[in-house]
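Across the two complexes that follow, subunit A remains constant while its partner is subunit B and subsequently subunit C.
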Partner chain A sequence: MNPASGEIRRVEGVPWWIVVGGLGALIAYPLAFTMPFHQHIVIMALLYGTLGTAWNILGGYTGQVSIGHGVYYGIGAYTAAYFYVNFGLSPWVSWPLALMIAFVAAFVIGLPTFRLRGHYFVLASVFIAEAAYIIISNWEMVGGAIGLEYPIHRAESPLDALWHLQFHKSKLPYYYGILTLFVASVFVSWRIRFRPLGYFLKAVSEEQDAARSLGVDIARYKMVALLISVLFTTLCGIFYAQYVMYVEPVSTMSLIISLEIAFIAIFGGIKTLWGPVLGAFIIIPVTELLRANFSGHIALDQSALAEGGIGAWVDYYMAGGGGNVDLLVYGLLIIIIARFQPNGVIGFFHRFD
Partner chain B sequence: MSDLLAINELSKNFGGVCASDRVNFTVDKGEIVGLIGPNGAGKTTVFNLISGFVRPDGGRVTFDDKDVTGLRPDQISRLGIARTFQILKPFPHMTVEENVMVGALVRHPHPAVARELAGHCIELVGLEHKRDALGGELSTGQRKRLEMARAMATEPRLLLLDEITGGVDQPSIPGLMKLVGSLRDEGVTLLIIEHNMRVVMELVDRVIFLNLGAKLTEGPPREVAANPDVRRLYLGSGHA
Partner chain C sequence: MFALVAMGLSLIYGIMDVVNFAHGEFLMIAMYASFFMWTYLGFDPLLSSPIIALCMFGFGVLIYRWLGRYLVGATLIPQVFATFGLMVFMQAGANFLWKADTRTLPENLSSGLFQFGGLFFNVAELVAAGGALATALLMFWFINRTETGLALQATAEDQQAARLLGIDTDRMFAIAWGLSAATVGIGGVLLSTYYVINPLVGVKWVLPAFVAVAIGGFGSVLGAFYGGIIIGLIQVGGGFFTSANYKTLFAYGLFLLIVLVRPHGLMGRK
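Coming up: the complex of A and B.
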């Protein structure tokens, strides 16, 4: 957190040329790897990298471990889907609405639960997430357990496609869209630590009473951290809905999603800038490949995927056919990391004092 | 009125135990006032009531002619009352400089300004050589100094020090006493809880003696130390 007097040489321990090189590689990747499945893997890694980074601002920097971020992800996905499916409203119009709903939810959830300490906060977040899941699964207006399926829009022009945020010929718009969101979230997560907010959040995470005695309004800063976290989580939800064009409770608002988001960050290393990014880029490719290879489903051979696009692929394992190999892997990985590097994968690169 | 702090009929019950029983006292600008009494006399409770960590059941706390009763700890801190904790609470994974900057940043949101103020406070307590050490790596004496530096970084007008010499090895005590004196020289009024009578006698302008949550007596240190009740309760009959 020391001042970058003059030029920036390192970004949280990583030399700037690696950061720039990494970004360059991400920009170039889909041009070199044109197969939809290969692009899809990195799109998902970027999506979860953003989610993990957003989660880390609250769960890591602020020390408020939430196993309920699926609520905000779901709100983003469902709001975009509901207004598009029912009123043909572009997500460009509905996103402020989604954010508003998510922020109101964050206030309603945050105000009482931030008074809870330690594991009670964790438990509260789990119960709220589960309640949201039950509500959404039984709410006919948003399709109940079946969910909402997007009508396919045949765009007349690239501009028209952009307005509807539907791209059927190429994944590139999705790819660069989520890359932008990812870069924005990492940038915010990085710069926050140089601001008073960063110091206050860390103080809150380490010793709340001392922070309060120094004049830090801890309720306010926890809320600010939550809102920043919710901002990116909700935008990710909107992106996901547009990307898969199908929204249902299990893949957007379930406890599994909430757990996955936290798991990515914890596995990679919380309280660090690069931990959640690392976590996403390890976990997501591994699980995506496992899902693709161990499912034994015909839709997952790559030619079928190429033809059917994301639809075939989603139809397939959103229906539960993918098996749960990925969950087994999560379990295995968490055991390994807890045993050998409790600070997360990032710990292998750091020397911790 | 030169009272910086006025406590009126301040009371607090914890499940039937009267931790604070209609306590009255004032602290004048520029004074060093000692709060003493046997274990369980309610000294720390008075600190918690003043600094907002515990809400009083009755009575009033007035700071600089403003009623601050029942305000939150952070609000009270921003009004100019800082405190340290008997059970030390450093931010363990932040450096000494970062620890102190947290206090400074509340009034000075620009990190460069806050860093400069923090540097001044760190020098004041003599921790320059530990600036980049983590809060969790410090010895008890160093942690006490850190707590004081942090509190000073909030630019308080009144500073509540809870047991500065407690749990510290004897050779460190004169240094800590000198430090408390230099805090006063910075223009801060001090209310201190202290067990070490030598420290009280040498440092303090006025003593308030608490017993079982109530004020027993107050006055100049020698006068209070000569009080027969105080001697019986606190100093032991054999004390010279």
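Coming up: the complex of A and C.
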């Protein structure tokens, strides 16, 4: 991204000055648009941009289509929430723990399932995500179906607020926090492709058998891709928990979250650097606006949620948590993109290919 | 019941190599259809099932014409996500049109309890089991005994060869989608006589059905039938010994076990 070096004039097909300009615009945005809702939309787009980028490292570059990333997202959110709510432990302390749990989960899930291919891998990831969802919604220690709610901390000083990561009135710290994470994930996703690792991942995604016959340890590279992907997904989970200050199974671990994460990358275009970013910045503003304008009444039926399983989705919709019209549009967009432009929106810009 | 849902799923997969993730939503639509037929027209589910099956056949063909056709031979990602998109869309659509409220069918012909040897059976469940069995038999007859059924099998075996022999593969695909939708349609109608109806009921039933298909082996209709029965028993058994909340966990665990140990299922082919 350094134009002075003269080495890189384009970042994956996008001229460097657009990249720098875009970043500048993102930095300046919350200062120009001070309405919380306007800021919220871009925060969500950045959050999903990061999630989509992380997913793309595994699902795109490595070709392992996972519909279970909600598990790692949930682990991040739940670990942060659990330690904060019960022990008053700041996420600054608990994040290594969250990452450790997520990495262990990734190993346990990845080792057996990476042997599967095609539809079997997809289905296995769906089932693992569903199983995790059922377990978490019946697990009393983490609040079961009701979840964990953050106690409100009245900060005495800005430093104190930073320690607790609670900035009630201002969205700015959240905004710049997620922006940093977003830039980091895009940077990793960009640089990874020029490293030997990137070539190995590509080899794994295109010709597993050929790669293996050349002595590439495909299981190892899949695992590395998964771990990088999990790293950012878990951090996003922690961010989400801090941002909404309320963690429950449906909005963190359900199948629909796992699907949304993958949709972002696929809608924008997988195997490309900018696809997931584009996807997030198209889909999220549309769905957030729809959600804000059309979502239903807020009435969480806790007893029905406690039933657990997928049946709790009903309540998710009823609560307007996932909205309704926005999901309608979500589904439609994905069908249309899969039907007319399987390469994602980015496929319309051929020079980016 | 799982057997019927699983059979339709296996049919599309076997013939077209496409996993239809929206299959459960077909089930959900059929359940709503059955509900509305009864409440507005007074048609008992038993009476309306052939009508709904026919409509579902048309619906399946329509979906194929507009969407499924473009997925034949497509790469994994558009395939998987087109049907996932359809699933989310249909779910949200049902939720939008009919609200998230859970509905149950009022009293109908198959309501009531039935006593046999000191055990009580729900008549509706017995009728459903009988109906499912009958539909399954009809399916087997169609696939193995009629010309169209054999042509379907030929298409599943080798698309190119089938085309050379003068089989209209595009038509066969359409029929496969139609049949798949029709079987799940009947499944939905039968299910609606004793099970609650809401926009999310499809996922609840179809995820275990995927397990059934995996157990039986993707593409094997008979295997899916057996797989469905196994899943039904495991869920009931697992739910009996632990909590009902965890009953689907057994099915998911079984799936992982099966695909890791025996990737092509009990009766599947490569």
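Note that in this section the second predicted complex is superposed on the first by the 317 of 353 C-alpha atoms of A that agree within 3 Å, B and C clash if a C-alpha of one lies under 4 Å from a C-alpha of the other, contacts with A are read in each partner's own complex, and residues count from 1 in each chain.
Rule of thumb we're sticking to: contacts are C-beta pairs under 8 Å (C-beta built on N, C-alpha and C of every residue); 3 or more make two chains touch, one makes a residue touch a chain.
This one's a predicted model, so the numbers in the text were calculated from it and none came from an experiment.
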- Task: Sticking to the clash and touch definitions up top, decide whether subunit B and subunit C on subunit A clash or fit.
- Result: fit
- Which partner does A:259 contact after superposing on A: first (subunit B), second (subunit C), both, neither? second
- Figure out whether A:122 sits in contact with subunit B (first) or subunit C (second), or with both, or with neither. second
- Query: Does subunit B (first) or subunit C (second) touch A:151, or do both, or does neither?
  - Reply: neither
- Task: Identify the partner contact of A:13: answer first if only subunit B is touched, second if only subunit C is, both if each is, neither if none is.
- Result: neither
- Message: Output check: A:96 vs subunit B and subunit C. Expected answer is one of first, second, both, neither. What do you get?
- Response: neither
- Message: For the overlaid complexes, name the partner, subunit B or subunit C, with more touching residues on subunit A.
- Response: C
- Query: Can A:24 be said to touch subunit B (first), subunit C (second), both, or neither?
  - Reply: neither
- Query: Of the two partner chains, subunit B (first) and subunit C (second), which one does A:112 touch, if any: first, second, both, or neither?
  - Reply: second
- Message: Just to confirm the geometry: in the superposition, how small does the C-alpha gap between subunit B and subunit C get, in angstrom?
- Response: 13
- Which residues would you name on subunit A as touching subunit B in one complex and subunit C in the other? none
- Note on the structure: Per the touch rule above, subunit C residues touching subunit A in the complex are 13, 19, 66-67, 70-71, 74-82, 84-93, 95-96, 100, 102, 198-200, 203-204, 207, 210-211, 214, 218, 243, 245-246, 248-249, 252-253, 255-256, 259-260, 263
- Message: Show me the residue ranges of subunit B that touch subunit A in the complex, using the header's touch definition.
- Response: 51, 53, 72-75, 77-78, 82-83, 85, 89-94, 98, 101-103, 105-107, 109, 111-112, 114-115, 134, 137, 150-151, 153-154
- Message: Please output the residues of subunit A touching subunit C within their complex, sorted ascending.
- Response: 65, 67, 112-113, 115-116, 118-120, 122-124, 126-128, 130-131, 134-135, 138, 255-256, 259, 262-263, 266, 270, 307-311, 313-315, 317-318, 324-325, 327-328, 330-335, 338-339, 342
- Spell out the part of subunit A that touches subunit B in their complex, as residue ranges. 1, 3, 194-196, 199-200, 202-203, 206-207, 209-218, 353
